[in-house]
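After this come two complexes, each holding subunit A, first together with subunit B and then together with subunit C.
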Partner chain A sequence: MSQRYVIVHDENKCIGCQACSVACRSENNVPDGVSRLQVHIQGPFGEAPNLHFKYHRMSCQQCENAPCVTVCPTGAAYIGDDGIVSIKPEKCVGCMYCVAACPYKVRFMNPETKVADKCNFCKDTRLARGEQPACVDVCPTDALVFGDTNDNNSQVAKMLLQRANYQDSTHLGTKPRVYRIPTKKGGIVS
Partner chain B sequence: MPGSLAALEKGDLKGVSADYVASICEMCSTRCPISARVVDGKNVFIGGNKEAKAFGGKVCARGGAGHSMLYDPQRIVKPLRRVGERGEGKWQEISWDEAYEMMATNLNDIKQKHGAEAVAFSSKSGSLSGHLFHLAKAFGSPNTFTHATTCPGAYVIAAKAIFGTKLKRDLGNSKYIINFGHNLYEGINMSETRGMMKAQMDKGAKLVVFEPRFSIVADKADEWYAIRPGTDVAVALAMCHVLIEDNLYDKAFVAQYVEGFDEFAKEVKAYTPEWAETISDVPAADIRRITHEYAACAPHACVDFGHRATFTTEEFEMRRALYAANILIGNIERKGGIYLGKKAPAYNKFAGEAVAPVLAKPGVKNLPKITAKRIDQVDEQFSMVWSSGGVYQSILDATLEAVPYQLRGWVMSRTNPMQTMTDRNRVVEAMLKLDFIAVCDVYISETAAYADLILPESTYLERDEEIADKSGKNPGYYVRQRVVEVIGDTKPSWQIFKEAGEAMGLGQYFPWQNMETLQLMQVNKDHQLLKQIKDLGFVTYGQPLMLREPSMVSKFAATYSNAREMDEDGTYGSALSFKTPSGKIELSSTKVEKMAPGRGVIRYRPVELKQADELYFIQGKVAVHTNAGSQNVPMLSQLMSDNAVWIHPVTAGALGIQHGDAITLTSSVGTEKGQALVTPGIRQDTVFAYMGFGSKNKELARAVGKGVHCGNLLPHKTSPVTGMNVHTTGVKLAKA
Partner chain C sequence: MNNTWGDVAQYDPVTWNWIIAIYLFMAGLSAGSLLIGLGLRWWSNTDDKSESAILKAAALIAPVAICIGLACLVFDLTKPFHFWLILINYNFESVMAIGVAVLLFYIPLTFAYALMVLRDELAQWKLGFLTPIATMLLPWRKPIELVMFVLALGVGAYTGFLLSAMNAYPMLNTAVLPALFLVSGLSAGAAANTLVALLMFNSNGHEPHMKTMHGMELPVVFAEMTFIFMLFCALYFKGGAAAMALASLTTGVWAVVFWVGVVAIGFGIPLLSMLMPAHSRHTKGAMVTVACASLAGVLALRHFIIYAGQSYIS
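For the complex of A and B:
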């Protein structure tokens, strides 16, 4: 693969403000009632005064071993040369196998296009124009970093080497490409 | 719904450009620089303007969702006349000519019979208030009001008393930030929010938060103290006590710049951390330790003086005490401290050359002389408030009790006192009593629902406005430009109030043709400058300057050959003066003592914000809504449409309340139904709700009846000197 695009979500910097979610909806014409991206503010956990929230990014994890691609009977779900889990709308028959198979519960049927939908790092909108994904572009506190880890000099490549990070539910063997820097309160100290 | 966008056939959005257009957001009052582009004729992608470095080219959820208001079917796009009773919700579409005629007939009638001062004018500040207040002046009424006393007024008034002017925070360069419930991570102010996060995460600054609730800013803090509501002043005074008694204060700074230190030092002698602990529940040892840590970072440290300032009747003392804790470490005009904005005239003077263009102020000569006193001008103690937006809630007293005289008309623009002012019933009563009410808004807000006439304003994405000053440490300007062509039969407020003025026979006071003429007047007909500002959307000039910061001053002096000569210590410290009677920082003030006897020196006074058997009721901001203005915006309503009430598990348990249960809150003025959010993130003696929900008018279809209406629980109370509307009260909680 020529590129290995990833997003790093720094939960220390994230304030759960949903700017990312709104920008994604606007850029990608995501209809009401469904979403490609949200940040869930969970908690607070712990005992007062030592409380902490968790800021959990809910979006396609861009799995290297993607269950949605495996179950897709028509080849509509595929992994592109850029490593991005993508959808060919003309091949989608709306069977919803992928929606059921996604362990992160981030695929949905788009009520307007009737095609399976989810985050694709703004592949056919912003990336195509040479811009950063909408969520990264607007994030008020710079909590999101996007880039290609095949490029050793990229900020994401360096960050993943230097900062303690984790991925969601790695035990499933999905190899997600959304990396998370845990909050220094209550989590792994980085 | 007559007059709403739903009644129009849905067409494609017509962008003014195929590319990005630079403009200014209006989803809250921070007004961040934005850059917007129409997507497929369907919606608008709104990002930050990358030219504005301090804002990082970023935008928050509210800013990003602005376009969802633009084509919201519930938006009003035709002038409406009330046809039923006030508040009944019966409307009839009328033409703009009919609307202006209705305004002219009613307002001129009041003027003739009772004088122009019998009409109050209130507006969200900005270009909007500029034009509405100009109409008020031309009409002859002194009674103009912004929302200041229901939100940020007190920190401005306290600053005026001490420094003679407003100050800014340099959080991005702070090494130690002490924050009293200024929730910059939910009440997002882009440059400050980013500055604080950078200071914390990239530069290792320490953040200490005193707040009754575990907010997002409390979560991101190194230390959080669940302070008793309204007692911040005690902790701030105890910090000042420690700074003075433990000899940690900047004596040279105090000697050179400060007036009234001795009186203040004498007063704070009694305010020990042990004393503050008994009032605030913040441990004395922590107050001492934090103060020492703070002083060790001086002068690159800051006590944040806050924004929304409606916590207590003692706002004036509280905000002044917060400034005092800054003054004592000498952080004024130092990196990481607080500083004065550097607008073009002052900056150019330091540089000895015209680094930044100075904009002209288009105005009109020979406006009628107004002899009537403002309704809030009778009580001398509020004299610093008059020029800062006035005591907003005094409109209610003047209407209901004719104090100091009878109001009969109210013209409003983009303001929603039915939500933000205390005691909703009293606002209703006042609105029912008035002879005539006109409201300019995008929606039929809870307040607009009681109007006789609704003037539909174009949203900010359809408006051009004047160039605005956005100077920080160096001069800067930016401008609002329309991103799409106007939808429906709406108009920008500058046009509405100009045309209304013409209909009222005041045309001579509105000599400009349109916004372009006004902009050209501002730039002294320098077309090239205007084009540059419009193309970039945001321009700054020169380099950051803080007068007492040697590194900045030496760089500045080296850049400009005719620059002011540096003092011996390599700063411009000798040029630092203040617009106070003494020209110094007035820690204690004879002027204030005269206005409000007993308040010349900052002093603690016990306050009773609730009865013993009640819980404190406090409110705050959430990142996806703007107080009372955004609850009906589709995308934001979908993110959050309700404000569940935060209740501590122990408090909830004692009343048999479980998470998600229906509950009631009852105060001295009202009862509200809501939902319980049981969380350890709140004090046991306090309940919290986000502001702006629980609308009671059916026109706001997405917001009606959802959540707790805060204004309906807060009694009418005004704090001394600052005129602030107090937003903390006592409530009784029960399972519904």
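For the complex of A and C:
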């Protein structure tokens, strides 16, 4: 694999406006009731008037060791040559094993196509045209950065070298490729 | 307050529902009754040429149970009419694909075996035209039994591996789950064999086979209880998210299912029945009641594992 695409979500810049979520829905024709992308808002934290929130991106983590791919009986869930985890609709029987096995619970059955669905970094549409994923393009605060970390000069490669960052549920060995830059302000989530 | 990010129903960690629990139960039952039937046949090694009522029951239950189970499974797919895709595409890293491959051999063999063992009944059931096939298969009986025994072990355990392969669920991702499913399949199989032998094949409950099978019940129940205990100990010692899953034993509807269904009905009734005086314990009514209790217990266990198991995520 020559590319290693990642998304970085800067939780300091995010304002939780859901523009990314709406853009994703329209770009990928995601039906109502299900989502490829949401930003969950936690909080408020701190003491008035200095309140702040935490923002958490819920979307496919593009695991390098993807449980959804391992469990899929037919090979419908697969990792492409570009390293992106995606789905071959014509091979999917709808057994939901992948939905159950995804530790991040971001996979769902598309009620219209009856096929498993999730974020694929807009691989077939915008990426194929050489554009950025819809969420990255639309973000008003530039909280999202997309790129190839195998390219040392890319913005994401530099960012991940310079900024403290974290990924979700790394203890499961999934090697997620959604990186998060934690908010500088704290907050206790009980 | 409404959230701004939309419907969150899809993030519910419980993906698989009771239909899958029934499938797991049926697959375990099919494998369990066959393993018991074959085991008893080899163990007792009688020269008696007629088939025992237990073996007849097992030969009937094995194909019927697995077919009911698979029907549940197929209609639970979001694309049930595309189920053939799973028969032509195999990802052998997937436990489900391995299971499909095993079932592909297992199911036809259970049908062939049913024909062989029930060859004398076929005419009664207006299936006399199948008798020639049964006679043709008879010389292959020994190898078919051997292969089927191995495949049945596979089917019984695979339903556990299917769940334990998902490492996000601490209660499912344990090493004992396949073993637990295999032994609880055995106990369901023994119960169903008793029921069918009593009710369909006119067993009087006092044949040597029946006695041997009842002798096995106690060790099987103890193995089941031990594995369940080990499962919860593993969660306790792992701590963190895994230990949180122990709450399933004390809170919510699945705690009730566990204590009432699995423990009181599934273990309690069969164990207490052993304290009854021999003559009343061996009446038909008592044996049917105990068998139904064991079956209900195993069914409850599958539901508990499916729902409670998926409710806790690490």
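Definition applied: the second predicted complex is superposed on the first by the 178 of 190 C-alpha atoms of A that agree within 3 Å, B and C clash if a C-alpha of one lies under 4 Å from a C-alpha of the other, contacts with A are read in each partner's own complex, and residues count from 1 in each chain.
In this section, contacts are C-beta pairs under 8 Å (C-beta built on N, C-alpha and C of every residue); 3 or more make two chains touch, one makes a residue touch a chain.
Source: prediction; values computed, not measured.
A.B. asks: Which holds for A:T170: it touches subunit B only (first), subunit C only (second), both, or neither?
C.D. replies: neither
A.B. asks: In the superposed arrangement, which partner chain does A:Q155 touch: subunit B (first), subunit C (second), both, or neither?
C.D. replies: In the superposition, A:Q155 touches no partner, neither subunit B nor subunit C.
A.B. asks: Per the contact definition in the header, classify A:F53: touching subunit B only (first), subunit C only (second), both, or neither.
C.D. replies: A:F53 sits against subunit B, while subunit C stays out of touch.
A.B. asks: Looking at A:N65, would you say it contacts subunit B, subunit C, both, or neither? Reply first, second, both or neither.
C.D. replies: neither
A.B. asks: Counting only touches as set out at the top, which of subunit B and subunit C does A:K91 meet: first, second, both, neither?
C.D. replies: second
A.B. asks: One more residue to check, A:S21. First (subunit B), second (subunit C), both or neither?
C.D. replies: It touches subunit B and subunit C both.
A.B. asks: I'd like to know which partner A:C102 touches here: subunit B for first, subunit C for second, both or neither.
C.D. replies: In the superposition, A:C102 touches subunit C alone.
A.B. asks: After the superposition on A, what does A:K13 contact: first (subunit B), second (subunit C), both or neither?
C.D. replies: In the superposition, A:K13 touches subunit B alone.
A.B. asks: Who contacts more of subunit A, subunit B or subunit C?
C.D. replies: Between subunit B and subunit C, the winner on subunit A residue contacts is C.
A.B. asks: For subunit A, which residues lie in the overlap of the subunit B contacts and the subunit C contacts?
C.D. replies: Dual-contact residues (subunit A): 16, 18, 21, 32-33, 41.
A.B. asks: Would you mind writing out the residues of subunit B in touch with subunit A in their complex?
C.D. replies: 39-40, 42-48, 56-61, 63-65, 67, 185-186, 188, 190, 193-194, 197, 201, 214, 216, 219-220, 224-226, 623-624, 634-635, 638-639, 679-681
A.B. asks: So in the complex, the part of subunit A that touches subunit C is made up of which residues?
C.D. replies: 16, 18, 21, 32-35, 38-41, 58, 67, 70-76, 91-97, 99-103, 105-106, 108-109, 114-115, 169, 171-173
A.B. asks: Considering only the defined contacts, which subunit A positions touch subunit B in the complex?
C.D. replies: 10, 12-13, 15-19, 21-23, 25-27, 29, 32-33, 41, 44, 47-49, 51-53, 134, 137-142, 185
A.B. asks: Which residues, counting only subunit C, touch subunit A once they are in their complex?
C.D. replies: It comes out as residues 3-13, 15-16, 77-80, 82-83, 85-86, 89-91, 93-97, 100, 165-168, 310, 313-314.
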